[in-house]
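First chain written, first letter: the chains are A, B, C, D, E, F, G and H, and each begins at residue 1.
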Amino acid sequence: MNKSSLLELLAEVQLGSVSPEQASARLATLPFEDLDYAKIDHHRSLRNGLPEVIYAAGKSAEHTAEIFSRMAATGIDVLATRADEATAAAVLAITPAARYHQQARAITLRQSPAAEPLGHIAILCAGTSDLYAAEEAAVTAELFGTKVTRLYDVGVAGLHRLMAQRDSLVTADAVIVCAGMEGALPSVVGGLVGVPVIAVPTSVGYGASFAGAAALLGMLNSCSPNVCVVNIDNGFGAAYTATLIARAASR
Amino acid sequence: MNKSSLLELLAEVQLGSVSPEQASARLATLPFEDLDYAKIDHHRSLRNGLPEVIYAAGKSAEHTAEIFSRMAATGIDVLATRADEATAAAVLAITPAARYHQQARAITLRQSPAAEPLGHIAILCAGTSDLYAAEEAAVTAELFGTKVTRLYDVGVAGLHRLMAQRDSLVTADAVIVCAGMEGALPSVVGGLVGVPVIAVPTSVGYGASFAGAAALLGMLNSCSPNVCVVNIDNGFGAAYTATLIARAASR
Amino acid sequence: MNKSSLLELLAEVQLGSVSPEQASARLATLPFEDLDYAKIDHHRSLRNGLPEVIYAAGKSAEHTAEIFSRMAATGIDVLATRADEATAAAVLAITPAARYHQQARAITLRQSPAAEPLGHIAILCAGTSDLYAAEEAAVTAELFGTKVTRLYDVGVAGLHRLMAQRDSLVTADAVIVCAGMEGALPSVVGGLVGVPVIAVPTSVGYGASFAGAAALLGMLNSCSPNVCVVNIDNGFGAAYTATLIARAASR
Amino acid sequence: MNKSSLLELLAEVQLGSVSPEQASARLATLPFEDLDYAKIDHHRSLRNGLPEVIYAAGKSAEHTAEIFSRMAATGIDVLATRADEATAAAVLAITPAARYHQQARAITLRQSPAAEPLGHIAILCAGTSDLYAAEEAAVTAELFGTKVTRLYDVGVAGLHRLMAQRDSLVTADAVIVCAGMEGALPSVVGGLVGVPVIAVPTSVGYGASFAGAAALLGMLNSCSPNVCVVNIDNGFGAAYTATLIARAASR
Amino acid sequence: MNKSSLLELLAEVQLGSVSPEQASARLATLPFEDLDYAKIDHHRSLRNGLPEVIYAAGKSAEHTAEIFSRMAATGIDVLATRADEATAAAVLAITPAARYHQQARAITLRQSPAAEPLGHIAILCAGTSDLYAAEEAAVTAELFGTKVTRLYDVGVAGLHRLMAQRDSLVTADAVIVCAGMEGALPSVVGGLVGVPVIAVPTSVGYGASFAGAAALLGMLNSCSPNVCVVNIDNGFGAAYTATLIARAASR
Amino acid sequence: MNKSSLLELLAEVQLGSVSPEQASARLATLPFEDLDYAKIDHHRSLRNGLPEVIYAAGKSAEHTAEIFSRMAATGIDVLATRADEATAAAVLAITPAARYHQQARAITLRQSPAAEPLGHIAILCAGTSDLYAAEEAAVTAELFGTKVTRLYDVGVAGLHRLMAQRDSLVTADAVIVCAGMEGALPSVVGGLVGVPVIAVPTSVGYGASFAGAAALLGMLNSCSPNVCVVNIDNGFGAAYTATLIARAASR
Amino acid sequence: MNKSSLLELLAEVQLGSVSPEQASARLATLPFEDLDYAKIDHHRSLRNGLPEVIYAAGKSAEHTAEIFSRMAATGIDVLATRADEATAAAVLAITPAARYHQQARAITLRQSPAAEPLGHIAILCAGTSDLYAAEEAAVTAELFGTKVTRLYDVGVAGLHRLMAQRDSLVTADAVIVCAGMEGALPSVVGGLVGVPVIAVPTSVGYGASFAGAAALLGMLNSCSPNVCVVNIDNGFGAAYTATLIARAASR
Amino acid sequence: MNKSSLLELLAEVQLGSVSPEQASARLATLPFEDLDYAKIDHHRSLRNGLPEVIYAAGKSAEHTAEIFSRMAATGIDVLATRADEATAAAVLAITPAARYHQQARAITLRQSPAAEPLGHIAILCAGTSDLYAAEEAAVTAELFGTKVTRLYDVGVAGLHRLMAQRDSLVTADAVIVCAGMEGALPSVVGGLVGVPVIAVPTSVGYGASFAGAAALLGMLNSCSPNVCVVNIDNGFGAAYTATLIARAASR
């Protein structure tokens, strides 16, 4: 149940077609639908206005599929991240309307009616190896109803490639930058734009990259004051925050 | 020179009171005013629409005072962060209109005309020891023209204190949360609000806090997807990004 | 041999049915039953009043099965932790009365007579991914004869779920809290209860969670003074200590 | 206000000597007495049944003194930890009844009537350099009304010294072990007793002790299952939890 | 060629049965027998008086087998460490006189004549999981001609087991102690004996053991001054040094 | 004694004005002039063709002054790095011809005759706080006879400043880049030039910069393949290697 | 397209056989040949004068093969690093002229005409386990047209082996040293030669080598000032920089 | 009381000049002479045959002086390490026969009769900055009655200096090597000698030396199997173990 379906429900109450008792009962059952091994919290969607999300890593394909279908049954948009092929197969077997995004390792189900995008974000990645994180961000933001411009493979060792795309950058309400190795791209981008930059360190690299820690530290020490950082490989979180910013900017 | 004074200049050009040559000359001298030991970049203010900032740590009081006064001479708002008492004295000796905020360790000079605040942010801190970072954020955001609500000493070990302030939280366009030790507050706050939360780990703590690293790691691993993080003690950066968000939201 | 069977033995000595020499001989053979590759220390059970435990990780299935059966032969309760499916199969093949708890990765054998639980502990986990540690704690405590209340999936980003369970919390003699990622839950729980909280960081998370180190550091820096910490994923140790506390409280 | 004075108040209400309105007013003013820079939470004392505590490190002597005196005025026992000589002087100037414990770096004020100790804890330290942490624990526990047995300078390189004190150990309801360097003492003690051992790593050592990190890691990896750990140098937290355990055991 | 065969050669020169030119030629070919991918240094054996050793990890089974057989051909004793089953099979196929020690993961070939052991070392391990390192040390030392006493499974949480073996300890010329987890055993042993203790941290443990780093740090911070440390799991190095000590003591 | 004065000496031998015995004696005394607490190695100058260098940190002012004057007496150029004001005063008191470079914290003495610079290096720094390392590099390279172009305060958050200086960059034989915080500048510069880039991480920054470790890691992970790295703050080493490169390029 | 083919193109323009418009069109299409998932930057080859390189790790065999063949089609030399057997098979299937170097894990395609080597580098490795990094460097440098002298298995524990090769060392224009474990070899080599030493830490080792971090730290702290460092296992980067140095020296 | 004075006592018992009761009383008072803040363990001297040692760091000058004098009163040799000037003054004021070794930061008191040195150790340090650790080792070993050969300033970047001293090396029974920065010297020395090498990492260095951690890791990963390691700056521990080895070798 998302915000607008809640408002609909309340309007029905106002109109008399649903009694307050009925509405109350329906709302009361929502907060903790208990699957025994996981409490599904339908209220978060109400609080934040964004779809429910399942973090599939470390869950069995079956559990993910069951949670996914239970959420789907409430009529909301659903997103599962970090889903491998097997999980995707399990989910689509039960919920055929869902769609698997291989590069993003994400499964989406759109049930809300088509609408104009709310806000615009640009998503950059430094190299082709960072695509998985950038695509997780892109798929997430698009499901959330945000317009996404992808600017990929624009690392700092070839500035002319970045500069060639500068026009697309400056019209975005927020920018997500995914980079591994030295993680220098967010600082450069932060100096080029006047909007918040969400930096996503990726675990791309070897040796002293320490699985993304080098990029993470680099981004936290950015000399551009409009850069803030999320966890290594956390494209989803970046898209979540960027969407909140873009929505606010486009209201 | 900020954006509005630039527009004024260009308007004067349009009106004929300033010749294009004069305007060009004035703009041309701006980018790199050279103090020998530092290039002052008056253009950033144009790009981002926010005042110039001096990071005073590691600069001598004299250098900071000279840079501050040179910036002040261009008519813009000026902010110096990480300024100790001695630096404040040196700055105020040359620029008496500046003001020192002791707890925030910041020096501000407001030269732009008074205006309605653009957007509203809430700034929380977990304990009284985190005040320095929260105040750096608050002073920064206020100089940038943002309305600030301070909610201090609302740590997670006494949730009732936080809950008592929940109403102030939900009206903000963005929230800044400063916390040291275990850094748990941003996750809790992230679950309560539907706007971006900028988490500022502070270096408060001892032993296994490792000067803020524990709080930093905690925040990066937040289970609330609307939390993003800046460097340890970086109240300034948090306010910079939060202001960009709040402005966009209030446009 | 546990404490009560020792007392029985000594009572028999008192009664004359067992001679001191016989008792001595029986006790003398106990301390180091030598399996060549491991000394089984039956005395610890006497010292601490709790069953013997086998840490199965890094042991071959056969060794674990042999140690398990040797312990079982002395009539005590036996617990093997970190046991995978293959180990469980090997153990149950020799000791069919044992039981495998898959989620907890534990094998238990109860041989002591049924008795009233001694003390009551609550076990919380932040998310469904932390279940394995929580269940290791629960299975351990229950074998030790402690009453266990499970409160799962009550993470800090959805405080209302935790608050809804508050009543169960306040009646426990000790609380175990398992959490990965930012590890914030023990601090929140510590502020709600007046009993010791044993925090178990889990290796759940990715990127900057560094396999549980972030949660560990967060818990060590808890602002709640009634929180103490065990090793990452050490549900067994938490249950051991919590049981000692709960027993003392219920005496 | 502690639990018993609350019960007194309620009894007076029952007896009619205090009206419900008066009682309500008095309780209502308690939760957040606002000192502008710190919210004093008189409720925690009610929740946990233990005195209020001020963490003096990072607070000015004046602030600590003011908070201390404000707490003292409510009639409860008060404890300030990590207090240097200057802070002690400032506190005692306003609150002459307070007492400074130099080695423990703690200030105490006892206002509750004398009573039988509730429970018994043993506090060990490995070397004389660890005394400061052990004494912080001892002073804290004694103010909380717990009987304390001090066993100092009993490090593992001289086991005979520890063995000589074994009798004192086995009668305690809980044991606190403070050790720096390799932090091996808690494991040894854990093997000797059947009660919970709270291990306090100290920052004593040099080189690869990394300011207590080596001891901390050692304790977290203890092979004794009844050992749990608090932050480096956190004698206060250890005493807090040990007192809760000892009280439960002595009820 | 070891020291005694060198002396023999020189004696033959003295006696005239070998001409200086022949001897020189034979010695000249020794230093770098070139296998293309590895220079075999037969001189080290001369310098240190101990057999040649092959570190098999990261070498293909074939390479190890070839190096082993080339060394064997010179008549010296040969040792290969970190050899898995496949490598052992490859070596024994070419050099059937060699012997595989599974638990120690070592292959030995003894070609020197039987002799009285030179010196005596005791090798302890804290738990059965540390056996692999202890056995690597034991097999190495025995090949080097040292008498070895094994004292296994004598961890600090059960001091009585260690104490029961104290007599064997005090007659050794040097002691090797292998321990993972908190690595406390070397400190305790160091306090019991008057000879050098070589501590071998093992990678046994989980969570905050960080693959042996916790044990390593603990041992480096030992409060017993007769403890020195080798790399994690380096049973070979410990045996090498302990043998040098024991030989010197028994001369 | 540098290479050319050696050649002079040998020429005098050739000419007969110095006997081989005299030359031999003079050379023989050179290698280890023994100051009791330090062996001065005049031979390194011969080997590498660069002046002798004294690392003054951790040496008393007096020791540094004595070593400096002893080296000066041999007629070579002398450099002392990491010299504070007190050390400079002590050196100049004995060796008045020396010169102190305050920003570089270096003392130089030029005794070799003036000569055309050999090769050309560019030295960049990201911010004014990095000047100390850049100047250590610049002073070192200039004493070594290299032409130095300084390009300071050209950080990646303001790319236009760097781009404005691009012409100076492309004519250098080698480039040194000093940067703290995120250390992103070397990657950007590496993409702009076709010569080796020596990256010097500086300890400038706070919080998660971990005293230069973040910049160091960033530089080691540079996506530009012509970047190599020296120790944090090691401007001297960077200049040493850059000079070797520039000399080779200008031969 | 490399530099010489560019010059050819421009010469054709000069001669009139290619019109400026044609040349411009041809150049314009070059910079970003878009493979959808990767932008191939043919300009870098122009900027730096060295072949294009593909980092194959983390790319599918098919993608690598396609990028390789697209690059090959432009007539330049091509190098793919970190290529496993499967990738090599895929590449050679499409581009049969390519060659796989198994030990170096590299694929090369030489299309430029044979030429005299430009410059000379020596490549050392400490042990046979470091060969993979040394060979990556050697194959890279040879494709770049540099003469390579290999000096393998010359670790510091057997100095005589290194000393025996000293003559080869002193004629090189630059030296690459690959070493794992303690990483001491570059310091020793740096003291023997007067040219830049590029140190490559390898991930060879176990326990406290922390996958190359120990060697990396050792090299960064080298007491030889002519040592600079690249990332762990980065033989390619070392060869790239060494080639630039050797070319400059041989011009 | 050391071993020989114990034997004297027992001889007197044998001779009848001291009654068993008197001897017993005298021995009985020895084990734990209680100074209230420290138990002096006179028995360790008996167990290990080496003098008592006071670690003065973190003790007040007065405490150290009192412990020192109390030990002195028993007639044994006494050593205090890590003693600053103030502590030395306090000790010498009470115990004028003691001697302060400034460079070693050690105070010694020799009361045992002069004797032939037992065994011979060589102590090397890489640079003059490492002298403090080398001298702590030297002073300790000399007080213990060991012959010490000092070989200072023989770092690996100038191998000829080390080689020139090789003769002194090969006659030692054990070698101590102190080195900071990359810590490479022990590996080189280990390859030159056939006796145990005790490596002492020093905290000398800057930046990525991380206060000795780089040297420590390097030494732990030494490719010379006769190298073992003590804590950073622990010259005392190295001398203690080296003395045990040298004594055994000279028996």
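The working rule: a contact is a pair of C-beta atoms (placed from the backbone, for glycine too) under 8 Å apart; a residue touches a chain by one contact, two chains touch by 3 or more.
Model, not experiment: these values are computed from the prediction.
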Q: Write down the chain pair in B-C, A-F or A-G that repeats the interface of F-H; the criterion is over half of the contact pairs matching by residue number.
A: A-G
Q. Rounded to the nearest 5 degrees, what angle rotates subunit A onto subunit G on CA?
A. 90
**Q.** Same-site or different-site touching of subunit B by its copy subunit C, using the half cut
**A.** same
Q: Averaged over CA atoms, how far is the centre of subunit C from the centre of subunit F? Could you give it in whole Å?
A: 61
(Q) As a quick test, compute the distance in whole Å between the mean CA positions of subunit C and subunit G. (A) 55
Q | Centre-to-centre distance between subunit G and subunit B (centres being mean Cα positions), rounded to whole Å | A | 45
Q.
Taking the mean of the C-alpha atoms as each chain's centre, how many Å separate subunit E from subunit G?
A. 39
Q.
Show the residues in subunit A shared as contacts by 2 or more other chains, in ascending order.
A. 44, 158, 191-192, 207-209, 213, 216, 220-221, 231-232
Q. Among all the chains shown, which pairs meet the touch rule set out at the top?
A. A-B, A-C, A-F, A-G, B-C, B-D, B-F, C-D, C-E, D-E, D-H, E-G, E-H, F-G, F-H, G-H
Q: Could you please specify the touching residues of subunit C with respect to subunit A in the complex?
A: 128-129, 131, 152-154, 158, 160-161, 164, 204, 206-209
Q: Please name which positions on subunit B make contact with subunit A in the complex.
A: 44, 47-49, 53, 173, 191-196, 198, 216, 220-221, 225-232, 236-238, 240-241, 244-245, 248-249, 251
Q.
Show me the residue ranges of subunit F that touch subunit A in the complex, using the header's touch definition.
A. 126-127, 155-159, 180-184, 187-188, 190-192, 205, 207-210, 213-215, 217-224
Q: Spell out the residues on subunit A that touch subunit C in their complex, using ranges where they run on.
A: 31-32, 37-39, 41, 43-44, 55, 57-59, 63, 201, 203, 211-213, 216, 231-234
